[in-house]
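The following block contains the structure, expressed as C-alpha cells.
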Amino acid sequence: MSEIVTFARRVRVDKEPVAAPPASFPLDRSDPQSWLAAYRLVRAETERRAAPLSESDQTVQSMPDASPAKWHRAHTTWFFETFLLKPYLRRYRTFDDSFGFLFNSYYEAVGVRMARAERGLLTRPTAAEITAYRLHVDHAIERLIAARSPAAEPRLFEVLEIGLHHEQQHQELLVTDILHAFSLNPIHPAYDPAWWMAPANVPARDVRLSGGVVEIGHRGGGFSFDNEGPAHSALIERVDVAAGLVTNADWLAFMADGGYDKPALWLSDGWGAAKREGWRAPGYWEDGKHGWTVLTPAGRLPVDPAAPVCHVSYYEADAFARWAGRELPTEFEWEAAARAGGLADAFGLVWQWTRSAYAAYPRYRAADGALGEYNGKFMVNQMVLRGSSAATPPGHARVSYRNFFYPHQRWQFSGLRLSSYPA
Amino acid sequence: MSEIVTFARRVRVDKEPVAAPPASFPLDRSDPQSWLAAYRLVRAETERRAAPLSESDQTVQSMPDASPAKWHRAHTTWFFETFLLKPYLRRYRTFDDSFGFLFNSYYEAVGVRMARAERGLLTRPTAAEITAYRLHVDHAIERLIAARSPAAEPRLFEVLEIGLHHEQQHQELLVTDILHAFSLNPIHPAYDPAWWMAPANVPARDVRLSGGVVEIGHRGGGFSFDNEGPAHSALIERVDVAAGLVTNADWLAFMADGGYDKPALWLSDGWGAAKREGWRAPGYWEDGKHGWTVLTPAGRLPVDPAAPVCHVSYYEADAFARWAGRELPTEFEWEAAARAGGLADAFGLVWQWTRSAYAAYPRYRAADGALGEYNGKFMVNQMVLRGSSAATPPGHARVSYRNFFYPHQRWQFSGLRLSSYPA
Amino acid sequence: MSEIVTFARRVRVDKEPVAAPPASFPLDRSDPQSWLAAYRLVRAETERRAAPLSESDQTVQSMPDASPAKWHRAHTTWFFETFLLKPYLRRYRTFDDSFGFLFNSYYEAVGVRMARAERGLLTRPTAAEITAYRLHVDHAIERLIAARSPAAEPRLFEVLEIGLHHEQQHQELLVTDILHAFSLNPIHPAYDPAWWMAPANVPARDVRLSGGVVEIGHRGGGFSFDNEGPAHSALIERVDVAAGLVTNADWLAFMADGGYDKPALWLSDGWGAAKREGWRAPGYWEDGKHGWTVLTPAGRLPVDPAAPVCHVSYYEADAFARWAGRELPTEFEWEAAARAGGLADAFGLVWQWTRSAYAAYPRYRAADGALGEYNGKFMVNQMVLRGSSAATPPGHARVSYRNFFYPHQRWQFSGLRLSSYPA
Amino acid sequence: MSEIVTFARRVRVDKEPVAAPPASFPLDRSDPQSWLAAYRLVRAETERRAAPLSESDQTVQSMPDASPAKWHRAHTTWFFETFLLKPYLRRYRTFDDSFGFLFNSYYEAVGVRMARAERGLLTRPTAAEITAYRLHVDHAIERLIAARSPAAEPRLFEVLEIGLHHEQQHQELLVTDILHAFSLNPIHPAYDPAWWMAPANVPARDVRLSGGVVEIGHRGGGFSFDNEGPAHSALIERVDVAAGLVTNADWLAFMADGGYDKPALWLSDGWGAAKREGWRAPGYWEDGKHGWTVLTPAGRLPVDPAAPVCHVSYYEADAFARWAGRELPTEFEWEAAARAGGLADAFGLVWQWTRSAYAAYPRYRAADGALGEYNGKFMVNQMVLRGSSAATPPGHARVSYRNFFYPHQRWQFSGLRLSSYPA
C-alpha cells in the first residue's frame, strides 16, 4: 500500500474490487437450470450445517437472541413458501397451517408469530417433520422454477434470489447460535472437530486514504440487500486504516494492561455492560491452569495469539481502540479501504465492528409489504460490521455488505481492525 | 373440649386405613431377590414414562420449576451412584465425572451444581448416553444388591429404599413437567393418548370428626419420608371434611359467579398473583368456540364437569373455599379423616391442598449429611398437599404422605376438597 | 422457674399475665371523655414521632415495603374519615376528595388506590397540608365522640378503638421505615439521638412447659385484633423456652463460626436470599476499622454485645437456631410460656420470630366489608412474631398479639428467643 | 455530484446565523468583573428555578433518568468546588467531605459515587444545607475570580466557563425532572402557573439545501462543548428541510390515522417500546371527557393544536416521519439549514430529533482527566437532537449545539421537524 493515493482515483466503482470474495453460487440469471442449481446448492448447505446436530441440539434456544437450528431450517423454508409458493404456485398446498405461526420471525405484516424467546419450546414438530417440510417445499419450488421464465416474471426470481441470500444468513446464525448453546453446557460439546480459525495476516503498513468524496454502496450487477443502497457519495477524512485485524496477542496485551479495569477507556454504556456481565476477556474465553482457552466450533481450544480476536462486543472493540490510541474506522472508511484493495482478511475470518451506527443511506426506502420489513426496521441502536466471518457461507458477503448487531452482543464472530487520522 | 371423642379411639394407627393405596412395589425386606425385583420395577417405570418422548422432548425445560425428562432420568440415577455405589461398592468406576455437576439437584453438601434454570441447555449428554448411564448404574446396583445382606447392612438397604421412592417422585414430575412444556407449544402435542382423568366420586355426606387429640404421622412398618415423622399427637376441632373432591362443575360455578373478579375472596398475595398472571380459570384451560378445554397428557380435551378440578394453585383453592363459605382442611384434619375412612378419591386423582403451611413436626431432625437435605430444607413458604394424583406411581403415597408446593404453583395435578366447622 | 408445672394449671386465662404490658391508653369505655382523651393521646403520639422529620424525610419511600411518614400520618387519618366520619357524621365534608385514592392502603373494597411502590412520589400534598388534614379530621372526630353514646352506638366506638390501635401500628412503622431510608443515606442521619436499646436480661434457666392442652388467643376483656381469636385450645409438646433473648454476643459467635457460610444450616429459600442479598450480618450492621456498628434511630453506634440481636430475618433466625442445636418456639409455645410468666423481655425490646406460619385460628372469620380486609387477607407466606419491640407504642401489644412478616424481611425490630424439646 | 452548490458559499461559518439565539450571558472574557457577573447570573437562575419547589419536591427522584432538584443544585456546585476551588484556591476548605460522594455524577475518575437510581433517598442534607453549600462555594469562587487574571491563567477561566454552561444544562434538567415527578402524582401539581408553550410558526415553504460539502461544527469565537468539534466538512444531499416544527394538530392526525397501531410505520425496537409502555399519544397526554390534555409546567392543560408536539421519543418521531412520507433530517442537514437561515423555531420551543446517531466528529478527542468524561463517553446508543427548548436557558444553545438522548426517552421537551429528498 503506497500511501496517499486518493481513493477517488483508485477505485472503479462499477465493478467489485479484487478484495471481494467470489460469488456464493454461480448464477446465470436467464437460465432456469442455473437457478435450480443455485437453489439446490444453498438448500443443501443448510442441511450440511445441521447434520452434526442431534434432535435436541436442533431444538435448544440458549438465549432470546439465538434461535434453534430446527427453527432456522424451518423459517428459511417458510420464507419460500410464504413469498413464492403461496403467491405464485397455483394449487400449492401448505405443508402445515400452523407453521406460519411457528416459523415467522419478525414479519408483522404476515400475521402473529410465536414469541421470539420461546422458540426453544418447540420440541414438536420434530426434526424429521422439518425435514419433510423442507422436502415438500423444495419439490414445489423446483416445479415452480422449471415452469417459469426469468425474463417473463422477473419479480418472482428476484424474490427467489432474496430467499437464497436470506437462507445463507441463517446458515451463519445456525453456527453462531449452536456455539452459544454449547458454551453454556459444562461439557462443552464440539460441533465440528475440523473447524479452524486461520491466523490473521499482519501487513506492516496501513492503508492510507487521502480523504475526499468516495462512492459508497452497491452498484453495478449482482445481488445486494436493500440496505446496501442507494449508492451515494460520502466524504471521508484522510485516514489510515489498518491492513490487518487485531489479534488475540494484541488483546492479551490490552488485558495485561488492565483494559477491563479502566473506566476511562470505556463508553459509559459499555462500562455498565462490562461490570454487569463480568467481562474480563472476549466471549467464550476461560482462564485455566494451562492459560486461556476459547470455545470454538471445534470445542475448547487454547487461545491462538496469531488468530484474530473474536467474540468481542462493540463496547470492547471501542475500548480497545481507545487504549491503542486509535479508533475504529467508519463503515465508509472501511468500504473505501476495501475497495482500494489492501485490507488483509477483509472477508472470511471475523466481522469487523465499525464506529458507524446502522442507519439508512440517503433516499433509502424499504420495499412495500412484508419483504420491506427485512432490513429497514432495525435501523436504530445497532452498529455496522463489515467484511464477513469464518462462519459466513463463502461468497455470501461483498464489499458493500452491511451486517449489524447491538453493541453489547458478542456471540457472533465479531472482531475489529483499527484506524487513525494522521496528524 | 367437652364432648370430644378422641380420634385415638377410632383409628388403629398401627396399620394403614382402608383408604390407603396398596404398596407401590412388593418388598420382602429380608430377601435380596425382592429388593432386586423392586429396583427393576421402579427403574423400568421411569423408562416406560419417558418412552413416548423424543430426544428433544426429553431435553426441554419450560420453566425453572420444571426439569427435563432426560434430567429426571439422570438425576435419579446419580442418586444411586452417589449415595450407594460410591460409598458401598468397591472399585466402582464412575460413569462420567461431569455428571455429578450436571445432575445434582439441591444437595449443597455434595458439591456445586448446575443452575436450576439452565437444565434445558443440556442437549448433550444425549438421551442415548443417559440410557447408557442408567444401564451402567443398574448393573452395578444389581451386583451390589446380590452381594449384600439386608440384615448385615441395614443402612445400605435403607438408602436403596429412599432411592426407589425418590425415583418415584421424579416419575410424577416427569409427567407434570412435560405437560407444562407441551402447554407452551401452540400445536399442543399429546404425551399419552390413552390418559384419562376419572370422574370424582361425590358422596352425599361429609366425614364428621368429633375433634380431640389425634395421632399424626407415620408409625408402624413400611417406608416413609423423614418429614412424615416423628409421629405425634395433635388437637383438632370438631370438623366436617368433604368426602368428595371439588369438581370442574363446581369450579365453573365459581367462575360464573365472578370468582376471579372479587378481591374480597382472595388472599392479598393470591390476588396479586392472579392479576399478574392473568388467571381466569384453572391452569391449562382455554375458552374456545366449543367451550372450555383443558390440556391433559392425552392432549387438549373438553373440560369434563364430573372430573375433579385440577391445576389450581393454593391461592385459587383458598378463594374457592371462601366463596363456598367453607375452608380447606388442615393437614391434620385431612389425615384424621382419611384414617377414619370415608374420604372418596383420597388417592389417585388429584393432590389436595390443605391450609397447613409445610413445617417440621415437633422433634423433627433432618438426617446428617447430604441425604438430610432431602425434605427439611424446604420447610418454609410452601403449603402441604395430601393424597396423591393420577400421575403418582400407584402405591407411592400413603395416609401420612406430605407433598408440598408454593402457593402460586399450579403445574402439578393439584385440586382440593373442602371442610367446615359445624356450628 | 420451677419445672414441669403444666401450663393449664398455671395460667388464669381470663386476665392478662404479669408479663403483659400495661394498657396503651387508659380507657373507660362507657365514658365519652375517656374516649376523647384516648383519641388525643394516640393522635399526639403520631405527631411526636413525626416531629424530628423534615418535609422530605416525611416524603421519602426507600423500598416498596416501607411507606413515607407523611403517608402514615395521612393514612391513619383517612381511616377515621372513611370508617367513622363518612358513615356516622351527618354533613361531614371530606377534606379533599383525592385523598381517598392517595392514602388508602390495601382496602380493595373501598376503591382504587395508588400503587404501593409509588407513595414516595407524593411531594404534594405537603406535610403542612397533611397537618391540616389531621386537624380537620380531629375536629370532626371530637365532635362525633362528644355527640354519641357508647352504650347506644357500640359499633361506632368499636371502630373508633380499631382506629386507635391501627394508628399505633403505623407509629411503629413510621420509625422502622425512616430508619430504613436513613440506612441508605451515606451520611446516616440520626432520627432520635436519645434512642437506646436496653441490654437483654439473660436468666439462667429456661421456662419449661410440661406439654398438653393450652388455651390460646385473646379472651376476657379489652381490645384485640380479629386475628387473635377465636380463643381455642392447642396441644403443645413438653418444651423448654429460653427465658432470655438471643443477644448480639450470641450472634457474633454464630458469625465467627461461619454461620453465614454453611448451607447445611439454612432453609433452601433462606440460603438463596442470603446469597442474593449478600447477608453477612444482621441488617444495618457494618464492619469498620473499630469493629461492627449498627444503624439505630440514634445513628450509627457500636454493636452492644449485651443488647438483643435485632433486624434479623426469619431465615437467619432459623439458621441460628439450627446452629445452636435448638429451634424457634411455635407461636403457641411462646404464648403458653409468656402466660406462664418468666419470659424476660417478652415485650419492649425486639419482636420474636416464631416458627409458626401466620394462619387463621380455627373458626376465624374476617369481618364483612372493608374492615374485614384488615388481617385475614395476609394469612399466607408470612411468619408470626410475638412480643413487641422498642419501637412499639408502650402497651400496644399483649400476650395474644400476633405480628407477621415475610421470612426475608428484616427492617423491623425483629429478633428471637430459642426453645428445645427435652429428651 | 455535479450541480452542487456548496453550502460553504451560502453560509458564513465564521459567525452565528441570524437564527441563533443571543449569548446566554454577556461576557467580556478579559474582564474579571464580567466573569463575576456571568457567574452570579447563572447561579441565580438555578435558584430562581428551584424556588417554587418545596423541600420534598427538591428531594424526589421519579425515575433513574431523572435527578432531584436538590441534587442538581448541589452537583453543579460540586463541579465548581472540584474542578476550580480544590486545584486553584489555596487553603480552600471543603464544605463537607461527604458531598464528593453524594453529588458526583458520572465522573469515574474522581472517585466512587452514589448509585444514580438512589439519589432520591437523600432527604439529608436538607435543601437549606444545599443552600449553605452554594453560598460557601459562591463566596470562594468570587474570591478566586477577583484574585486571578484571565490572561495569566486561561485554563482556570476555561474551566469556569465550562462550569457555567454545565450548570445551565442542569437548569433545563431541573425543569424536565420535576415535570416527570409531578406527572406521576395523581393530583398533578403545577410548577409554574405562568409557563406557556408558544404556537409554532408554520412557514409555507421548506428550506431547500442544494447539497454538497458543508461546514459542520463550532468554529470562530465563543464557547462550545467539546462534542461540537472539531469543525469539519460533511457532504449532504439535496434536501428540503421543513421550515416549521411538527405541531400537535399534525400529531392528532397521525393518531387519528392509527399511527400507534401500524407496525409497518415503526422501527422494530420502537414498536417493542410502544407496546411495552402502552404508548397511544405523546408523553404526559391524557384523554379525558373534554379531549386530550397534556401535563405542562403550568399544570394539566388542553392540548393546543397550534403548539409544537412535545415529549415524543425518537421512535415516535421516526414513525411519524414515515407516516408523513418524509424523514427526519440528519444533524448535518439540520445544521446546514439552520446556518442558511429560514428555520422557524430552531431554538426555544422544542428540541428536534435528528436521524443521526450521536457519535464523535472525526479527530475528536476527549480531554484528559475527569473533565474528559463529559461528553465523549456517551457516544453510543443515543440520537442527536438539535435546537433548544422552552426549558433551555435563553442563549445556552447555538447552531452547532448537540443534545443527545436515548431513542425511547420522552421526558425532555423533544419534538421534531421533517425533511425529504426531492425527486
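Lettered A, B, C and D in written order, each chain numbered from 1.
In this section, a contact is a pair of C-beta atoms (placed from the backbone, for glycine too) under 8 Å apart; a residue touches a chain by one contact, two chains touch by 3 or more.
Remember, predicted model here, so these are calculated numbers, not experimental data.
Trainee: Taking each chain's centre as the mean of its Cα atoms, which chain lies farthest from chain A?
Mentor: Checked the centroid distances; the maximum from chain A is C.
Trainee: Per the centroid of Cα atoms for each chain, what is the distance between chain C and chain D, given in Å?
Mentor: Result: the chain centres lie 48 Å from each other.
Trainee: Taking the mean of the CA coordinates per chain, how far is chain A from chain D in Å?
Mentor: Measuring from centre to centre gives 37 Å for this pair.
Trainee: Just how far, in Å, is the C-alpha centre of chain C from the one of chain A?
Mentor: 60
Trainee: What chain-chain pairs meet the touch criterion?
Mentor: A-B, A-D, B-C, C-D
Trainee: So in the complex, which bits of chain D are touching chain C?
Mentor: 54-60, 62, 98, 101-102, 114, 118, 120-127, 181, 184-187, 189
Trainee: For the complex, give me every residue of chain B touching chain C.
Mentor: 1, 106, 108-109, 213, 232-235, 237, 263-264, 266-271, 314-315, 318, 355-357, 359-360, 362-363, 372-373, 377-381, 383, 407, 421
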